[in-house]
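In this document, chain identifiers A, B and C correspond to the written order of the chains, with residue numbering beginning at 1 in each.
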């Protein structure tokens, strides 16, 4: 299965077969990371640059580890120290960095669309590591991969249901998971207060809810989103006590879901806000495995874009 | 052609033959960077440390890329997080870093002379990556190298003319280019408002001007310098409008230069201040190639100082 | 001599033989660093992460150099840019980083005990690079190693005496040296103003003093500690002039010690505060060698914990 894509900006144009091929490659990478020597020479001589205009240590380190585990060189570019502060245009900044002979950029930016713009300006591959509220495809991939590997004899995404609860409005994680899981044949239920649930997302295989009961019904995967405390003061949210009462994921609430349902969270967690601490540490929780799958999933993405398509 | 120098602080003592040998090595490095695997083992086991007391992400990354492309190890030392803030002397700081067994330091400092001082305190090689207004030799090398590779059948620097326009007073780029191009046999014309044109630079093969016409006449290479906006308020400059009218490089103004003249800028640009945006993007402009030549030129410098002299 | 330890948190449980084996390994590493190619493949495929919640460029770079000189991959994690600032718990942060498949963490934290806590949460090895006032074992190792290599035909630590002068109260360096040297069979004398000399340290082979004379008598190793200027205003210290008069190490004062005594300082120095500048630069001073021994000692620690115990 050859993947024909030059970039991973979102999942537009990616077929279910290509996405499943990414998961198969992830299986191989996960095995590499089980060895004593967790390193392969697959990307020797390639240079991967992280280009983070918005700070995120964990995502950046996860990509850098994924690159180094395949023997690629890594350039860390944080926008804080750059000439952008001197008034240089984004385009001129990228041209300058591009002169470092980078093969692939991992881009994060607070504004939606920046990675797409960069893809037009460089010959290098681009991986979107989060742009505004728009997309965060590798997070969605690691979520779906975690789901796939949580059930022995997993028989595919068709007929499965993912429930996502919380601040859908501001969440690129929700958008990318919606795009990915529906492409793979699953259905998705999104749930949150009216102010945080954008109606324009409506599409086939998606349902929108304000209450947990219909959201969780039949769901095999249940994901709580981080509640950004800074939204609380903006009038977008009810009181914290009310939010907890209506939307907090707890062991009791999980009785509404499929008996085998797993619990996910993209992190960082507010324990006992959007998710109870005991549920986060319970056997249903695959949160640690989500994090652990970050490196092999990103290894598979880097490998596929740089080498695997040839 | 063996180069006998231990450091590259400025071009004092470098012969034209040694400088041309650096360009020949740069040709080889540029070819390496055209390959799919842009990496050679030339500096394996060597450690290069960037030591930037003044922030410059692009220059630092360019040197680090040049080191890694030759398989050297890299240590990034930014002065902000260091014990210098605790009142330790520069000498004690360098001694401490020196204990890391560094083979070559790339040093940038806001004060002229610091790289020269460091060269007296360590056995390692030193490359000056910019010290105050004094020198920035690798920028001058990449400018001259870009010129040399812009004309098929290039027949040498003798008889060629470089024009530099702008804030000469504060520019280490102007000083290093003046030193380099005159050593190579070219003439140099410097142009700017009286307050920004230091008379003490006078020397053979140099002319100083306040008007563009005599500066550009016969010039095959024309370089605009970045106008530091912070100088504007200091009384050193006329109004921005007046500066643009008298000194901005435009396609119209370039008619005064040699018909084949190229346009250069050391970056980062203020578009439509010291250079018109359309000229910067025109076929005359080699600005992107300047940036692209940064890595191979610095590869050649590192290689020559660490290995090539043996 | 196999070392059975998984971590280096402090010296609890380390036998004198195990510590001397570390010094023997350090001898080998120091020879590696004398070669032109200062690199061995001993830790290829291993990942070492520095995890500094308290900033210390020199210690961090020393560990990173020690890792790279053995071909390990390095992840630099500085707490400033992390999710800890978003209110995530220390445990969740470590779990996240742990997903990067790190083999060994080098941890520094302003609070005593954090590296011990982390050791309970991860399968990776932990090296304590300084926790509050509690311990800084690799500094003590390099101090003792420097002592051992300063005397030709060194016949062991038994019967030797180390004197440490200054702010004992806040010094993890003093505590770790006390623990290490007494384990190796030496005696230790600690000296400082009453407010900075904690009586609870009392133990066999230790003497506590307020005056230099009994402290230095017979000492073969004399160490001045950095005087934290910020303590001066807190009422813990006499005036700076009085401190200098009573506790500054000078060439004159050193006449009170053993005739061959060496002078040490863990750095960064306040010249002419806790130590006279001329003594720091005198032949008695081994301060530069202390710094130089930082990399080989840390190479030995990393190697021993990751590979040597097998």
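Criterion: a residue touches a chain if its C-beta (ideal position, glycine included) is under 8 Å from a C-beta of that chain, and two chains touch if they have at least 3 such contacts.
Here the structure is a predicted model, which means the values were calculated and not measured.
Contact topology of the protein chains: fully connected, every pair of chains touching.
Homomeric contact chain B/chain C is classed as different-residue, with under half of its interface positions used by both copies. Inter-chain spacing, taken between the CA centroids of chain B and chain C, is 41 Å.
Shared interface positions of chain C, i.e. residues touching 2 or more other chains, are not present. The residues of chain C lying in touch with chain A in their complex are 44-47, 73, 75, 77, 81-83, 86-89, 92-93, 95-101. Chain B contributes residues 33, 35-39, 55, 57-58, 61-62, 64-65, 68-69, 229, 267-271, 288, 291-292, 294-295 to its touches with chain A in the complex.
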